[in-house]
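Take a look at these structures.
Note that chain A is present in both complexes that follow, paired respectively with chain B and with chain C.
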Partner chain A sequence: MTGVRAVEQWAEAPLANFVRESGARLSLLTTTSGQVVAQYGFTRSIDVMAAAALGAGVVASTSLMTQMIGEVGYVKINNRGPGQGIFLAEFDTPRGKYVILAVYGSGSSAGLVQLFFEDLVEEITSSCPAPETRRVILAEDFERELNDNLAALFGRK
Partner chain B sequence: MSLVNFTNKEITCKIVYYGPGRSGKTTNLLYVHSQVPTDRKGKMVSLATTTERTLFFDFLPIELGTISGFSTRFQLYTVPGQIYYNATRKLVLNGADGIVFVADSQARQLDENLESMRNLQENLLAEGVDIRTLPMVIQYNKQDLPSDLILSKEELDETLNFREVPSFKANAIAGEGVFESLKGVSELVLRRLGEEAPG
Partner chain C sequence: MTAVSINFDRLLGRVTGIRGVVGAVVLDAEDGLVIAESILGGIRVNAVAALAASMYRRVSHTTKAAGHGPPDFVQLQAENGVLIALPGSCGTILAVIGELDLNIGLVKIELNKILVRQ
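So, the complex of A and B:
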């Protein structure tokens, strides 16, 4: 067991290696629009989505600001607090751009996280498959299931 | 862009509430947040100014349940409605699977609604997305205001609903029309997902 929960299985081993080597407490791999691909250390799947949305937002806005001042290249941000640090970076793969967010404590450092981030990019680039072309097959009456679920969610059942 | 995991059978979709400033986008999310049980929703994240106007986005993830064997999640976002926040609006639109356009039904706000719809079209085009192909519903909010101040659904449809997408009357503060709008866009998003191969 790696402790990593991966929505896309190809991301599990690279993220597990990154967490083990860098000593990150929490780690999150997302698309640039904030969709979670794999995560380590978050306890509620639904909270991880908030972190993913915020991380993607920070990367997107920083990327735009760097373009405005004429800089090119990928966003890489490190914020070190008294107790913990946050490392946030975007990178490209054959499958498109991704964002990594890592939270580290006193057992690690910004340098260590950045060092193993380079390895993570290499591993993901070599292991990720081409984008899926499979189609979601929905039941003919999926609207009924959808409506039942929404009604239950809104206490209307 | 929705994320589909065929191994774990999970679908995650991004729905963006768009519209002019003060039309009620955040109010929609607040109502959804107030209705959904704790174990089926995440924390609502709001990046707002000190005067509680949306600065970057509001975000609310909800667990919808199982649909056709897929565990389905929706991520609900709002954009800042004020004109000068267009750069951040564009960022939030990135990867949207569906749009709920929240219009202000007040007659004096008609130009703002039109400008926001035009702005949505431009921002989508800049991302290479044709507004005619993206699942969208329109919500006419504030229909509870006195009738001499607001336009009817038919009048608003005439001006704003050139695609003839599903449209709903709403009073988002009281929750009227919020559920119907979310249901409407969810159906369109999932139907489209079933029609197209994910990228």
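So, the complex of A and C:
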């Protein structure tokens, strides 16, 4: 039992390893739009959604600010409070960019979280499946098929 | 180059000049992040810094629990070498990586001289 809850199964083991090694109290893996992929330590879904949305928002706005000053590269933010610290970073994978948010306490450090973040990126990059091919949302004959089905449903055929 | 970085460069130059020392890192004790380093390629400096800070912190908890206060010299003897961690000023730690046959007594004397001179 890792304690990690994952929407995408390939994310469970890498996030569990990251949490175990880094000593993070809370961790959240999301897409850059704030869609949750896996989480550890959150007990209320409302907290997960709020953290995911805020994390994605911070990464997006920081990314734009770095572009404004002519910097390139991935956003990596660390904030250390008196009791707990927050690490927030984006990274690239074959399936696109993801965002990791980790909250750590006095048993860990920014250095440890950053160190095992590097391992997490490697593990996710190697474990995530290839991106899905873009599905055709509306097939060419969608309208004809729809009319046929409606006709069949309402006995017009 | 700032005065602080010149001081760290001088410190690291002296430490790595000790026979048997292969590298040294000055790191933030709380964050475990690298402040200055002089390490040969092939060693993950950020890993050494983060783990040395973590090790020092845990050892410190242990010695404090035993009523002895924080440690002033931590030596980790590994299969192929030695890792030494000692507290510096302003919340820093100096981590020294040495070869297996490193003369610890000589290192202690030299480090004391260097740290007193800084």
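Some points to look at:
In this text, the second predicted complex is superposed on the first by the 131 of 157 C-alpha atoms of A that agree within 3 Å, B and C clash if a C-alpha of one lies under 4 Å from a C-alpha of the other, contacts with A are read in each partner's own complex, and residues count from 1 in each chain.
Just so we're on the same page, a residue touches a chain if its C-beta (ideal position, glycine included) is under 8 Å from a C-beta of that chain, and two chains touch if they have at least 3 such contacts.
Given the structure is predicted, the values throughout are model-derived calculations rather than measurements.
In the superposed model, B is the one of chain B and chain C that contacts more residues of chain A.
Touch criterion met: A:Ala60 reaches chain B, while chain C stays clear of it. Using the contact criterion defined above for the overlaid structures, shared-chain residue A:Met49 touches chain B, although it does not reach chain C.
With both structures placed on the common chain, the touch criterion links A:Thr125 to neither chain B nor chain C. By the touch criterion defined above, A:Gln84 lies against neither chain B nor chain C after alignment on the C-alpha atoms of chain A. Applying the stated contact rule after C-alpha superposition, one finds that A:Gln114 touches chain C and leaves chain B untouched. Once chain A of one complex is fitted onto chain A of the other, the partner contacts of A:Leu146 are limited to chain B, with no touch recorded for chain C. Those residues of chain C that touch chain A in the shared complex are 27-28, 30-34, 44, 46-47, 49-51, 53-54, 57. Taken together, the chain B residues at the contact with chain A in this complex read 1-8, 10-12, 14, 35-37, 40-43, 45, 47, 56-57, 59, 61-68, 70, 72-73, 75, 77, 87-88, 91-92, 94-96, 179, 182-183, 186-187, 190-191, 193-199.
Of all the residues in chain A, the ones that touch chain B in their complex are 7-9, 31-37, 44, 46-47, 49-50, 53-54, 57, 60-61, 64, 131-139, 142-143, 145-150, 152-156.
Within the complex formed with chain C, the residues of chain A that make contact are 80, 108-112, 114-115, 118.
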